[in-house]
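Two complexes, one shared chain (chain A), two partners (chain B, chain C).
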Partner chain A sequence: MNLDWSVVAAHRGVLAAATGMTILLTVATMAIAVPCGIVVASVRLYAWAPLRAMATAYVELFRNLPLILLVYWAFYVLPIATDVGLSPFATGLAALALNVTAYNAETFRAGIGSIRRGQLEAAMALGMSRTQAVRRIVLPQAVRRILPVLASTWVSLFKDTSLVSVIAVPELAYVAMQIRAQTFRVLEMLTAMAAIYWLLGYPQAKLVDWIQRRYAVTE
Partner chain B sequence: MQVDLSVITDHWRFLAYGIGVTIALAAASGAASLALGFLVALARLFGPRWAKPAVVLYIDSMRAVPVLVVLVWTFFALPILTGLTMQPFVAALIGLTVHLAAYAAEIYRAGIESVRRGQTRASLALGMSRPQILRRIVLPQALVRMLPAFGSLLSITIKDTAIASVIAVPEIMRQSETLAGQSFQPIEVYSFAMLVYFLILFPVTRGVDRIYRRVAHLGRS
Partner chain C sequence: MSRRAKESGATIIRYRGVVKRYGAFEALSGVDLDVHAGEVVCLIGPSGSGKSTLLRCTNALETIDGGAIEFEGAELPRDERALREVRRRMGMVFQSFELFPHLTALHNVAEGPRTVLQARRAEAENRARAMLAKVGLSDKATNYPAALSGGQQQRVAIARALAMEPDVMLFDEPTSALDPETIGEVLSVMKALADEGMTMVVVTHEMTFARRVGDWVAVFDAGRIVEQGPPRQIFDAPTTERTRDFLSHLGWHGETL
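For the complex of A and B:
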């Protein structure tokens, strides 16, 4: 077996750019999925019943679909169905955001739901309005339970960005596999790809553990 | 936009084969990762001192690296190292199992640790051996408590089998890609695949919830 690791060093610029793309996808998806998740969760909790049913259907559907299928679906079906041509990046971002929004919505709903109703009722009995009670009593407590879950969703999302490689978004997995195909340095490039993901993902996984310990709720 | 479902009905055998492979791969890698994960958890909790850092490194590494990377590496890079070529299905089974066993191990560990230490001490005081305590006192309670987590792991397993399409395992995702490419009808084919996954996954998650609600009282102590 002859191995030539110089291929990794030779492509370090491209790999760095691809790693940047992976990080950009993660940050952009979360930036979309957190506000959207809050909206969907609020609709599920407080809105008019038919809207609530629609929000529930959306969350259940997207939590029960493999992300890779969603990526393909967005790539082939969205342009035909909507007549809007999107770049692979925008398509990948849309698929990731649709998926993560559903998970976030569930996280927010469960976090808010975990605060006993009695607290809301007590706050309202003290003369607070419903909005005040939600903002000042329920949310500050719910955030402590939501944050650790959001953190582990973040790590899953970071890993899931690799799936948009199937529609040629130039992120780490796609670029590494392209270089592999051009140079035939299969073992070297795939190992380098795994190592870069590991170097970025390992501290994140450890950070999640720390956040979970830090915000652990004991009742 | 025209929808023509004949592409589904004309190729139902081809698609049904894919559904079969999806279910087989999910069942095999689910069962294998449950078994491997249990051994890993035992090594982490009760293993020799030197084993623990290695086990923790393995678990955290699998939490840090995407499944896609594990699968692609197993299929393309591992044969170069070992000199043995593998069928895509076998590579997917190995990759998924190695990845998911880390998650399973964490579930076992959390479940076992959730049983209060006082129970272990009481059993020791009654003269039981460590393996006896694990088998007769701790696990019966812990397994019930782990059930919801294993339910979501099963759902993750089924979803992750779709990623095996990248290494050409002929499961439903891959079959849909092939059919969509040949028929130029991606809307019908991919929407059908969505329906298939939803119909497999939704009852699984709901079913586990329902079973758990029925047996939850057995896990209380």
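For the complex of A and C:
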């Protein structure tokens, strides 16, 4: 077999930019999906029943749809339905954030649910409001407990950003596939892509493991 | 001599026909009891007799289904904000400590003043240090709860409650989860608090504590108070069969210490 790795070096500039886009998508999605996940989880746990039902419906809808379908749907249906034309980047980000928020909401809900009721009572017995007790006492413990799950979600998301390549967001998968199509260097480009994803993903996973060890709460 | 026998202060907490149900089960079936200022009232009785439930109704961690609980002459408010102020004035100590595991001992005690009283950090931490000193744990300020013994954790929990400058302290079986060798240190902190004149309602299985420190003892059985009176009456001359049964089941045959 005749391999020519120079194709990777020749496109290093665009590959680097595409990698940057992949990282940006991951960070931006999480930046939306973590706070939104907390909000949705809190609504499901503490809010007025009709709101709670809406939050549940949201989670069950977006958690059970294939992400790629969500991406296509946001790209083709949303503009027709709402007359709002978003850029491919914004569309991809919206689809990812909707999906990951649903997962994070479940993660936070499980984390909050794992904190003994006595903790909330002890905080309220001091005179805290329920909101203060959740924010100051329950949530910090829950977050520490679910860090490993959030970390796996993060790493999954990092890889799943490749799905928005179907709507031409210039992230790593899309750009690598473009180069492959132009140069016919399939094996080289797929291998380069795999190497970049792995080299970036592995340290992220290790970093979060470290954070988890560092901030774990022992009882 | 019991404080009530000497001269009791004003009534701080008054329970009138308090009823609490969990579904079909009636946990409290009409409880009447007065707690006076400066008094230590001990609630004793078999497990499941309703004494912890009454304590948890006192600061509205549980709502009641009948009767009334008055705090300083006013019925417990339903309004959330007013209720928080009442809770602030009633310190509570739990059987399972319920220290906040993600905070050091110092920050456990400073958390209430910081969040509820909106004290500045330095002020809250100074107060927390003073409270830790009071329970004899100045040297453990930077320890997390996991690095403390059960007795130490419960003393931090007492300091945490005291940091809110409560008018009443509620103790829910404060020594039941402790190893025998650490029970004494918690009881002596409680005794010191009683000697300072703190009003205390104590659910306990420590009969010696109830006998020596209590001013008034209420014996619970099946959701009712079957007998109440000064400890001398309850322990030395119980008037009801239920009290005698309960005490003899515990192996109480007069004071052992």
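Going forward, the second predicted complex is superposed on the first by the 204 of 219 C-alpha atoms of A that agree within 3 Å, B and C clash if a C-alpha of one lies under 4 Å from a C-alpha of the other, contacts with A are read in each partner's own complex, and residues count from 1 in each chain.
The working rule: contacts are C-beta pairs under 8 Å (C-beta built on N, C-alpha and C of every residue); 3 or more make two chains touch, one makes a residue touch a chain.
In this text, all values refer to a predicted model and were calculated from it rather than measured experimentally.
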Return first, second, both or neither, reflecting whether A:17 touches chain B, chain C, both chains, or no partner chain. neither
Just chain B (first), just chain C (second), both, or neither: which does A:144 touch? second
Taking the superposition as given, does A:129 touch the first partner, chain B, the second, chain C, both, or neither? second
Chain touching more of chain A, residue-wise (chain B, chain C): B
What is the contact status of A:118 with respect to chain B (first) and chain C (second): first, second, both, or neither? second
Considering only the touch criterion stated at the top, classify A:162 as touching first (chain B), second (chain C), both, or neither. first
For chain A, which residues count as touching chain C in their complex? 116, 118-119, 121-129, 132, 136-137, 140-141, 144, 217-219
In the complex, chain B residues that touch chain A: 1, 60-61, 63-70, 72-73, 76-77, 80-81, 155, 158-163, 165-166, 173, 176-177, 180, 186-187, 190-191, 193-194, 197-198, 201-202, 205
Chain C - residues contacting chain A, complex: 59, 61, 80, 84-85, 87-88, 90-92, 94, 96, 98-102, 111-112, 115-116, 144-146, 160-161, 164
In their shared complex, chain B is touched by residues of chain A numbered 1, 60-61, 64-69, 72-73, 76-77, 80-81, 155, 159-160, 162-163, 165-166, 173, 177, 180, 186-187, 190-191, 193-194, 197-198, 200-202, 204-206
